[in-house]
Each structure stands twice: as structure tokens, then as C-alpha cells.
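Working notes, structure below.
Chain nomenclature is as follows: A, B and C, assigned in order of appearance, with residue numbering initiated at 1 for each chain independently.
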Amino acid sequence: MMRYIKLVNFEINRFSKIYISLLLITLVSQLVGVIIGTKSFLNRALDIMLEEKISEAAYVTNYGGIDFTQIANSLWFQGPIALSAVALVFYIFLIWYRDWFGKNTFIYRLLMLPTSRLSIYLSKATAIFLMVLGLIALQIIILPMENALFNSYVPESLLNTEMSTSSIVKMNSVLNLVIPSTFTQFLLSYGIGLMAMSILFTAIMFERSFRIKGIILGLVFTGIAAALFLAPVFIMASESFYFYPNELFGIMTALGIIVTGLSIWLGSWLLKNRVTV
Amino acid sequence: MKRYICSIIIVMVVILSIGTYYVKVASSASDLPKYTFKTLEGSDKELDPVIINGTHQGNPIYEPLTIESNQTTYSSEKSYFENFSGIIDLEMEKLTKEYRSFMRGKDSIDSFYEDDDFLAYASVNEDFTKSGKKEAEFDIALLEKKSEDETSFNIELPDQERIMNTSIRDVQLIHSKLQVLTTNDVNSNDEKQTKEVHLYTIDLANKKVLSDKILLSESFKNPNQVELEIPIDVARIQPNNMILISLVKGIYHEDGPYEEKPNEGKLLSYNYETEKLETVKLPKKETDMVRGGKFDGKNLYVVDIKSNNYHIKTIDLSNQKITNDLELDLAVHKDEQYFATIKNGRVYFLLGNGTNQQDRAYKPAQLHIADLKTGKTLYKGETVIQSADQKKTKNHGFYIEEIIVQ
Amino acid sequence: MIEVKQISKKYGRKTILDGVSFTANKGEVTCLIGINGVGKTTTLKAIMGLTPYKGEILIDDQKMTNNSYEKITFIPDAPTMLPSMTVKQAMVFMEDFYTSWNPQRANQLMGFFKLKEETPISELSKGNTAKLNLMLGLSLDVDYVLMDEPFSGIDMFSREQIADVFASHLIEDRGVIITTHEIGDIEHLIDKVILLDNGKVLKEFNTEEMREDEGKSVVDVMREVYQS
């Protein structure tokens, strides 16, 4: 257990430079987005008000005011979220392959640690998952700050409405995806994320065990895992059987747990018995 | 310890921020205002069976809510499961609970028929073959309640080349034959549109369609419009010998609004037993109120807005006479929406949808409950908005969508 | 004792090991000899559980488990630590994960090899990398040490230094398996020789007995075996 925690910590430290960069990029880009977005709106509004000699109230009726949803839809705001997502998906692969390739073969050391191969597998999964949650946590922390900054910039007369953090999240499809609106939904979304990651990890283990043949095996495994998880949906779509919503939910939760367990077991088995360094 | 600082920070931040966020989200529903009825007259016990579905519009987020037995519940307060199962129709919920296996994969309450012995179901299933040809068939199912015998089969929809789409409006079981009443849109090659009411008679024992009778066929061209409506049945799935069909005509004015032409519409009744289709001759004043009316198989209840106060009129369809005229102690507001329903021998009448039409601000809706026979007012009340933070209610809107009585 | 029993290994259609069997005793230096590509490294990886194989390998009558890595260590010919680490960080890593890490021995070896703690691993020369590998492996209180080509591609002075370690108390009591394709100046260190070719054991013999009984050196035997 202690070695597993040490390994998680080790994996996090290894990625810390890129990770801190991602955090900083998100923070800076979104703050810049808030400032630029607000400024450009205010300048435009001011120009039009001067040109047409109208009051702020008249401007709002004619052209509409501003609220945080407009800021949250900008590239400045969503770009770093997309960048972080892509980086972490990419790192799912890199977290394994960087140990095999590159100048040093760290995989020798890793596999020769006096700890179960399962904890090596799990430590990498945990590290990535924690880093994903860390990014979400940062977004949750900076969102109210950005919102406060925005509200302090915009005069009340031009503001459509002062929004709460949770309503900003609800109104934005990207934010709503990464920060689900209820805790149950959060558990489900990130549970599915964990399952997907375990499937990918195991596909990578197939490749590392059987090389070219392993790529095919990995793809087949991914297909089977996805088919198993989505089986009730396919059954419904083929109209051969109808599940009540709560049954569908229950079956898919169970299947999700089974698929995740199965791929973790298979992945660590491959890492223990079949992987070649 | 220094080596662990990065991980410790991440774990702490993750737990604290995500934890706090969802705790706040979970408790935020309690910050939302509560809508309740303030009793002005009568006993608030009368409110127990009343369910009102509506939306709280707290700019810019809309929160669906239900006022049940005078308690506001936001859908965000309900558990994930409660929102997930998503059955809102009380009759469907009751059927699903009782006949779980039979009800599997079946929806739309109009497709069902229930008596003491049988539960019957009919729907039309439209599919496209690979060549792009449409194939429509009836899905028929019958449950014999005592023996729990289930029969289900498909039959081709007769004359389906002619028909664009079919929607089931009523299902009855008359002398062991299933009667399926549908409104159909007919395929056409020119501008002419045709809407029809069909009555399919299905022989359950031999699994075939015995007849396809066109009860009504109405053709029109743009900008004229025809709508075929079935006045809301207060007992949609129970045995009924009679069904009402309301034909509403209207016109799209060029660059203008849609206008209904109430005088050109008509109300028809069809009797499954006698197989007679008759035009219901209503007193002139009532014809335009038929759409908002309720029908219980024998009587038609309509709301009359032509007097000073709202009137609920009971029309006996066997002799087409007004048998009861109930005057509510409530003045007519022409520009206000109203909701009316008949249940438990009472009239439930809700005036206003909670929103002021001019400035979209909250405006109390008034609920009257009266005894249908005696006309005695049993309850009078109006909605009140209660919020922890009164300032916050300023920009809040409320919108009532429907009233249901259990 | 490490017992290798009838192990076989294929990479695709190519047979690397074909029924290899031998034993290596504690307190002895066993040398796997053969030209490149005859499966020397694969044999070591198989012993360490770093590659799947057919057959059986027992270490002190036990199969390999996670905890065996406290008792047996492998020193490959490439660095096994991240290039971004310093020598010190590599040592901390080892101490962190192995209970058999012996800090006194590590310090001794650091001094012996003249390695500096603050040097980043990426800046080490080939010879110093080999020394670092050796230092990390030998600082574990293990029973068996497996070394892959410890002398190849290293300058003369480093070779001497490494050879000195073999002669010292640092190796005493341990079972050592090394691979090499050139026996040269380490012949005197070796107790036992396994000659490998084409995935098979051609000959297994004790160097001292060979010298005393038949008067042949390892090189003599190699010549005999490989040229026949």
C-alpha cells in the first residue's frame, strides 16, 4: 500500500512540469479571456452609445447586455480546457510508453520493484485520474474568481444578470461536460471515464505484450469491452427488448463495474505475465 | 515529506473544491423560492390531491418544479433516480407498477384500454425498408388480468400507401373486438392536404383487421388549416362507448397571425356501440370552448367565459342539453390563461399561469375548488412566493404548465 | 541457488532459447558466454520475470514473486533511472522502494567509483553510467546479482575499477550471473561457465576443475566448442 502511494506520488512528480504548465495556461488564458472579452464589449458599447447618442439603458434594449455566458463561450476560455483534455488523453499512452522508449529504460526498474504489478498499473491510473480531477478542481476554484472579476468590470446597467457559479456551469456545454450538474452525475461521468481509461490501459498492455499482434488484440478487447458495456443499449435499439430506465441504469452500472474490473484484472495480469521489456 | 507536497496539494484541493462545490449545488435548491397556496377560504385539505407542474425562472436558469399537496419540490432536489425514471403521467405510472412485464416498451396513455378483465394496447409502428419504402403495422397486445395471459401480435396497417402518418387517439374493446380510433394524415401529390379520422376494428382471436372505416375526412389548402382534436377525456383508458372529435378550422393570414374560425368548427360524437357518428349541437355560445373542455364519456364539461364570472357547464351528450351551470366566484379575465379539470366530483379551476403577460413578472395564480353538483366553493386560494432572500425574488418568474388532480 | 530448467522462448517464429537449463550457486560467479544474439540477455530477463517464457525457474527452490526483487537484482547495460534524476535522487528512489537498500554500502561504492551525488544521470559518461548501475544494484542486500555485459563499451580504467569490485568483499557470498561475449581479462573472476549458442547450452563447466583436470582455459574451451 505504501509503495502504491509512493508510486502515485512518483508518477505525479514526473508529470508535474507539464501539469503545472497546463494549470497556469488555463488560469492565465481564462483571466485574459475575461478581461479582453469584457473590455471589447465595453468599448464597442461605448462607441455605439456615443455614435447614436443613446443611454446605457437604450443600448441594452437595442443591442442586449452582457453576461458571463458570453465570456465562457470564447476560445480564451474553452481553449485551455480542450488543451488540457487532449494533453491528458495523450498522457494515458505516454505514461506507459515513456518508460519503454526514450534514452533510459525505466520500465526495468519499475517492473523490478518489490511491489505487485497491479499497484504499478493502478498507480499510473490513479495519477492520471487525480490530475484530471485537479484540473476540474482548479476550474471550480477560479470560476467564481473570474465571475467576480467580470462583475466588478461591467457596470450594472449593462449587465444582463449576475450569475452564480453553478448557473454558469449549467449554461455552458463544455463546462457542463467537465463539471456535471449533480454529484451523482459526476460519479457516473467520471466512473465512465475511469472505465474508458482502464480499457485503454489494458489495450496498451496487449500491445506491449504481443506487439503488432497485440495492437489487433487491443482493438478487439476495446471493441468487446465497449460492446459489453453498451449491450443493453444495442438490445433496446434492435427493439428486441425494452428496459425500464431504472433497469437500464442498474444494468449499465453493473456492466460498467464488471468491464472496469475485468480490464484492470486483465491489464495487470498481462503486465505480470506477458509483458516483455 | 517535501517530495509528496505536489500530490498532497492535488488531493486536498480536489477533495475540498469538488466536495464544497457539490455540497453547495445540493443545498442551492433550498435557496430557491417556495411556491405555495395561501388559503383564502375553505379547507386546505382540498389541496392534497392537487399537483401543479411548473417552472421557476430564476434568470437565466429554469428549474422545473412540482407543487404537490401544497409543497414545492424542485426537480434538482429529487434524487437522480427519481428524475431518471421520468414517468410523469400518473396513469402510466399506475399501470407500470401493476403490470410491469406487460407495460414493458409501451407508452402513450391514449394507446391503452383497461376494464375489469382486460388491459389492451394498440400502437402503430412505422419503419422504412432498405429500399426506402415505408412499412407501417399495428402493434397489438392484450393482457387478460385474471389468468395473466398475454397475447401480442403485429398486423399490417391496411391501405398504408395512402397514409402519411397515423396517430392513435383512442382504444376500446367492444364485443371482443378492438376498436382503434386514429387521426391520419393522407399522402398527396398536390397542395391539397387531407386529414382523416379512421376507425380500425381488429379481431383479436384471428389477428386481423376486420374493417377500416373513415369516420371523417377533411381536405384543405393553404393558408387554410384544419385540426382534429379529441377533447380531453377525464378517464382516458376506461371503457367508454362514446368519443368526441372536435374539428377546428383556421387560417394563416399573410404576414399575420394564425386565426381560428370558431364558427366553422364542429364537434362530433361517435358511439362505438351504435356505430353512429353525430354532430353535437351545442348552444352557440359554447362551441368555441369545446377544446378546453373535459369529457367523461357521458357529459361534456366546458368553461364559459362569456359572462362576468367563469361558468362550468355540464352538457349531457345523450340529449345534448345543459344539465348544470356552475358559476364560479371568479371574474373572467380574458387575457389570462386558465386551467380546469374535473375530478372527484369537483371542479378544479386555476386562473393565471403565475406570470404577468406584460412584464413577465410573477403574478399570483388563483385556485378555486368547487363541488360540481352543488356549486359550493370548497376552497379558494392563491399562490405566494416565499424566499429566504426577498431581494432575490425580484427578477424571478414562475410559469405553471399544468394542473393534475389525483 | 538459481535453477533454470528447460526454458524456451520465441520471438515470433524466431527461437531465442530452446530448452536452456543450468544452475548458478550462491557465492559463485557464473558466466553466460556466447556471441551476440544467442539469448544471454533473454535468459537474465526470464530469471527476473521481465519476459514470458516456457519452462521453470526456481530461486532458492521458490518461484519468483514480487518480494523476490528484494533478494535478486538485475543490472542491465543501460541506465534504469530517469535521465532527469540526479545520482542522489536515484539513490533516494531506491531507498524509498527497497527495504534491502544498504546506505553504508551505497556510500562506500559512491566513494569507490568517485560518483558525485548532484550529477544528473543524463550527463554521466558511458563508463559512469555503468558504475551508477552497478552501485545501485550492489547497494541492495541481495543474494543474487545478475549483470548484463558489465564490461562492454567501457573505457579501460572503468573496466579495471569494475573488475576490482568483483574481487572485493562487495560481491562475497552472493551468487552472481554475468553475461559477456568476450571473456578476456575477467577470466580469473569466473567460477562457472555456461556456453550458449543458438538458444542451447553447448557446455557447462567449472573453470577451476577445467584448469586442473584438463589444463584448459575458458578461451581454450570456447575455441574447441565454437570452431568444431
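As a convention for this text, contacts are C-beta pairs under 8 Å (C-beta built on N, C-alpha and C of every residue); 3 or more make two chains touch, one makes a residue touch a chain.
Quantities reported herein were computed from a predicted structural model and do not represent experimental measurements.
Contact counts per chain pair peak at A-B.
Comparing per-chain C-alpha centres with the mean over every protein C-alpha atom, the closest match is chain A.
If you average the CA atoms of subunit A and of subunit C, the two centres end up 45 Å from each other. Separating the centre of subunit B from that of subunit C, both taken as means of CA atoms, is a distance of 82 Å. Between subunit A and subunit B the centroid-to-centroid distance comes to 41 Å (mean Cα coordinates, whole Å). The touching residues of subunit C, counted against subunit A in their complex, run 45, 48-52, 66-70, 73-74, 76, 78-83, 93, 96-99, 121-122.
Across the complex, subunit A meets subunit B through its residues 8-9, 12-13, 16, 67, 69, 130-131, 133-134, 136-138, 140-141, 160-161, 163-167, 170-171, 179, 181-186, 239, 241-242, 244-246, 249. Residues 3-4, 6-7, 10-11, 13-14, 16-18, 21-22, 24-26, 28, 59-61, 76, 79-81, 84-86, 96, 100, 104-105, 395 of subunit B are the ones touching subunit A in the complex. The part of subunit A that touches subunit C in the complex is made up of residues 3, 6, 10, 14, 102-106, 108-109, 111-117, 209, 273-277.
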